[in-house]
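For reference, the structures are reproduced in the following blocks.
What follows is subunit A paired twice: with subunit B in the first complex and subunit C in the second.
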Partner chain A sequence: MSKHDTPMMDDLEKGPWPSFVSDLKRQAAKSPQCWDILGQMEQSYKDKITHWKHGGIVGVFGYGGGIVGRYSDLPDKFPGVAHFHTVRLNQPSSKFYTTEILRKLCDLWEKRGSGMTNFHGSTGDLVLLGTKTDELEPLFYDLTHDLNWDLGGSGSNLRTPANCIGKSRCEWACYDTDAVCYAMTMKYQDEIHRPAFPYKFKFKFSGCPNDCVAAIARSDLAVIGTWRDAIRINQAEVKNYISGANKPNGGAHSKGSKFDIQKEVISLCPTGCMWMEGDTLKIDDAECTRCMHCLNVMPKALRPGTDQGATIMMGAKAPILDGAQLATMIYPFIKLDAENEFEGLVEIIEKVWDWWMENGKNRERLGETMQRISLPVFLRVLEVEPIPQHVKEPRSNPYVFWREEEVEGGWERDVKEFRKRNAM
Partner chain B sequence: MGYDPQNPMKDRITDIGPPHYEGMMPKVINENRGKWLYHEIVQPGVLKHVSETGAECYTVRVGSARLLSVEFLRETCDIADKFCDGHVRWTTRNNIEFITDSEAKMKAMVEDLKGRGNRFPVGGTGASVSNVVHTQGWIHCHTPATDASGVVKAVMDALFDHFVSMDLPAKCKVALACCLNMCGAVHCSDIAILGIHRKPPMVDHDAITGVCELPLAIAACPLGAVKPHTAKNSAGEEVKTVKVNAERCMFCGNCYTMCPAMPLADPEGDGIAILVGGKVSNSRKGTAFSKLVIPFLPNNPPRWPEVVDTVKGILETWAKNANKYERIGEWAERIGWEKFFELTKIPFTEKSVDDYRLAYDTWRTTTQFKFTSHTK
Partner chain C sequence: MAMSKEELKAAILDKAMKSPKPQLYVKDFYACDPDAKPRDVKNAANDLVKEGKMTFWSSGSTTMYAAKGRAKDEESRGT
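Up next is the complex of A and B:
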């Protein structure tokens, strides 16, 4: 493995943004495979096409996921990347690391792989990028024995759960996302490691409706923090915003004119439920939809209420196959209680899985199954009473699928009897 | 000790999950969990959180390429050892966060980071362009229609000033996925850069027999464009295979996901579509999908100038015209999409008119619209 001529890659060393090319070159001193990564990338830049083949089934014994097989279609030219599988490690909740564990991981990956990583994959895993089949078992052994660390998911299983930083460093979190994510990850190790679902299933945990992990857009089951009572107001701090002593939006704008509470908060409230009485801010909490805008703009003055929990939404996915879906609100409010091991959430998860494992078609995400069988049926399966909050507006067509048991007298009728009363 | 290939099941450990988060977190975080009162942005890229207990922590946010070497990670550890008692974290958008409990250490750290070339740019907070969520592309995947890391590097070089300052009307989240599988879930981003194919799959009659379960490949096509077929392979033998009705194909690539004998990537066929106006946060108007405004731009490595110019153009037109707090989609909705196209000078094409399922949802069914250059 030696250096290739890579003029296009070299061009990507210029400029103010961190350069993955410079980084690959730095690593190449210790991991000569990196020259072949750069070589094959350059080849793709010339040919405008990928040079990776359609994967391959590889893994560690006993697991059906966590490793994605990958082979080069130019193995003779770039032998260093001929076999170049990815390993997905289950990231710790909200992606904190000690340097001690990271350094151990660096040493292990330099020994057993290419030395290149992704921090992180889009689902949340720590991705180790590029190794050979022979290295997988020894890597897994050292990972579990020396680092106490396990693989994440891939394939038709529970994908590695992920969460926002939540109560660990965010004043808006309405439940402890780190704790719930960790608890669910540990409870469902089998579902993560041994695929038994119709297709992938993702959990994501955000502490408030700002939804920093994009749970609403990309998880089959999204747990999003919220509150049921009144927004807590500190009127003294409201005055400090109005006077200019506090910077609006936590100082997120470096430009802009003097803060105007009417323009920047009250008239941007989507429900129009805020007003000033003299210099006191009033909120009609019964009308508030907890959109977070006012809290985001005045973090020192406003805090979520204290009756906190989460809204459960289901069925989000990227476009493949039937088009993208955002998650649909199913449970408006549940309490998340570490004392009972988040019992309410566990019950919901298992109800959905039981039904989806039986009724989901091969490669059908939960959201697609929900569409196919309809939201009314889905709610019935979950034993959730339909409420106006489940829809944006009532349907506008009258094509109701009445069930026979709902219609007085049933559907069995005698047309002869009918004709006696109603002639043709 | 260590792994014994003769005895692979010996002392095997499985299903232990990730390391527990508390062991990974600094003291100030563990001590103040659930007690945080408020935060402020001290300067672009630096957050200060204040706890009910009076404790404070400073977070320095740094952009990264996501594709990181262990040498780079070791340098990151050196910084974390020096200023953060050996702790570091990553955000959902691939930023690195160094957290420390004193203002003095924060300031020293920001100075230190400046001395490390282009490797640790501080920014990505507030009304800025944060890091680009992205996928693998030509560095590791078999289905891409474009690269990921190189496009992101080129785009972020051009938008860098908006990463390190907070001069925009609101935050702007840019995302890239190199094919319609959208591992990066770009479908709800302010600006989405999406790799697309435009040539239907070829069928490799020589290879298909061994690698593909035909019924699965046929069932994979959402539009029923893949049909059973018999054909002769290069050896002249009749084989059971499939054929593709090209007129029905929407180039989703799902057949290739299921069947390696149906490749569709192509140097001229492949390129990039641009979608805008998506939003994940529930603030103000709630969530929204990104909308397709440019159906195709060519792959032009190493720096994708057409893509870079377009993204920059959209961002700057929005920055000039939007109200404070207004994300790109909220702005486009307020002024109307016809005005969006007029102001950004993006040509409107039939490709932005939906013709997939439920397309009707996006057709205009009111007499209310604005007269723009489009109405002639």
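Up next is the complex of A and C:
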């Protein structure tokens, strides 16, 4: 039985989609505080302001992340959500769960919290929504001792690393995203659990340029699988696509019309690096920008090359303080080797952190620091030689300049001598 | 020459107690020892939290440090 009159919330149950309002009402049968969430949201819709105060000193002992304090500014009216803290859990790599662990987690969360969850937050964490301060330490004890499960990152910490499904299921993965994500999560436990930086820092690991974890848009340091040799072409399967024996896109988006390789693949190549010679598909691999369109349309015919590794991009962010920013390509290709514990990647990460910790302003993401201080300086710090691919196109953003020591004769010149040849 | 870890911790705690702002970012402590590496300052501040002399305050997206008792505490404000 509803505790508050919530006509605007009730309206959100009327569309054709699953409704979080219906979910909350169902959960309220077990967790009465869910009525107060609905009541407070209705109040916010009426007042057109949030009634959540965020932030606080709550946490579990020894940790400086993973718990986000949440308080209602109308605690007398909605006592069930007077304290309603969020708990972030480190999701397993690729988000593989067993039913058994999920049942145990749900039982624990109904005992210690509201029972409401969010699978998953945009960083990737499994999010438990709403508990009281007194329940935090017992919840943490049960999570770590009974479920062998740890908290994720929040605040100015390394945020919980996230990866795509990678080689565990996907034939396009150019490196083992599960292995790298797990290795970095374990190596940087201190940075995940205790604040270290001017602001949040996110890693994301995508196995191929399809970028299923949106690393290029969301992470300060994106590791995106790629290859540096030629796309593998199976010409017999190309012919099967052309004849209609193979369905393009694995049968998705099919409108029943005959597949037209010229219209649906070759003409859509952003660099125009593909063409047909008779019934043979040709690719000028040096011009390929890894858009993945041809591989996605014809997966039986085209596969990534065999010399595989990753491109490292940096500086992406969602729009919180400044506008949204996509990542900038910094290292076109590195090898990722589990045998040496991914030392090439570790070296890059720590060089970036050292520079950003020293130069980043409070609440400034890496991408904002890069933009403020300039890409040439950033490349110099990382000891990366500028290459044409660092620049979108000449003249529209010519932000890589020569330095005096790189120019023969430096900046000094004899003006009189110059004027003899170039009169004013 | 950089301070010893204990000297650095004492300087951080002193700043946290005397600063007009009750909550400070980790970068605000860099000036306690200009010769110390940012990572050492961070580790010293985190040690002080473990020892119960300082506390974290987090909005969820960013984290600040405060001397024990100085942080804005919603619960002690009766919410």
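A few points about this structure:
In this text, the second predicted complex is superposed on the first by the 386 of 424 C-alpha atoms of A that agree within 3 Å, B and C clash if a C-alpha of one lies under 4 Å from a C-alpha of the other, contacts with A are read in each partner's own complex, and residues count from 1 in each chain.
Please note the rule applied: contacts are C-beta pairs under 8 Å (C-beta built on N, C-alpha and C of every residue); 3 or more make two chains touch, one makes a residue touch a chain.
Being a predicted model, the structure only gives us computed values, none of them experimental.
Contact with subunit C, but none with subunit B, is seen for A:64 once the two complexes are overlaid on the shared chain. Of the two partner chains placed by the overlay, only subunit C lies in contact with A:157; subunit B stays clear of it. Shared-chain residue A:358: touches subunit C; no touch with subunit B. In the superposition on chain A, A:410 makes contact with neither subunit B nor subunit C. In the superposed pair of complexes, A:17 makes contact with subunit B only, with no contact to subunit C.
Contact with subunit C, but none with subunit B, is seen for A:195 once the two complexes are overlaid on the shared chain. In the superposition on chain A, A:54 makes contact with both subunit B and subunit C. Taking subunit A as the reference, the larger set of touched residues comes from B, when subunit B and subunit C are compared. By the touch criterion defined above, A:75 reaches subunit C but does not reach subunit B.
In the superposition on chain A, A:148 contacts subunit B only, with no contact to subunit C. The interface of subunit A with subunit B overlaps its interface with subunit C at residues 53-55, 62, 86, 320, 362-363. Contacts from subunit A toward subunit C in the complex involve residues 53-59, 62, 64-65, 68-69, 71-73, 75, 82-83, 86, 133, 154-157, 194-200, 320, 354, 357-358, 360-363.
Within the complex, the subunit C residues that touch subunit A are 25-28, 37-39, 42, 46, 49-50, 55-63, 66, 71-75, 79.
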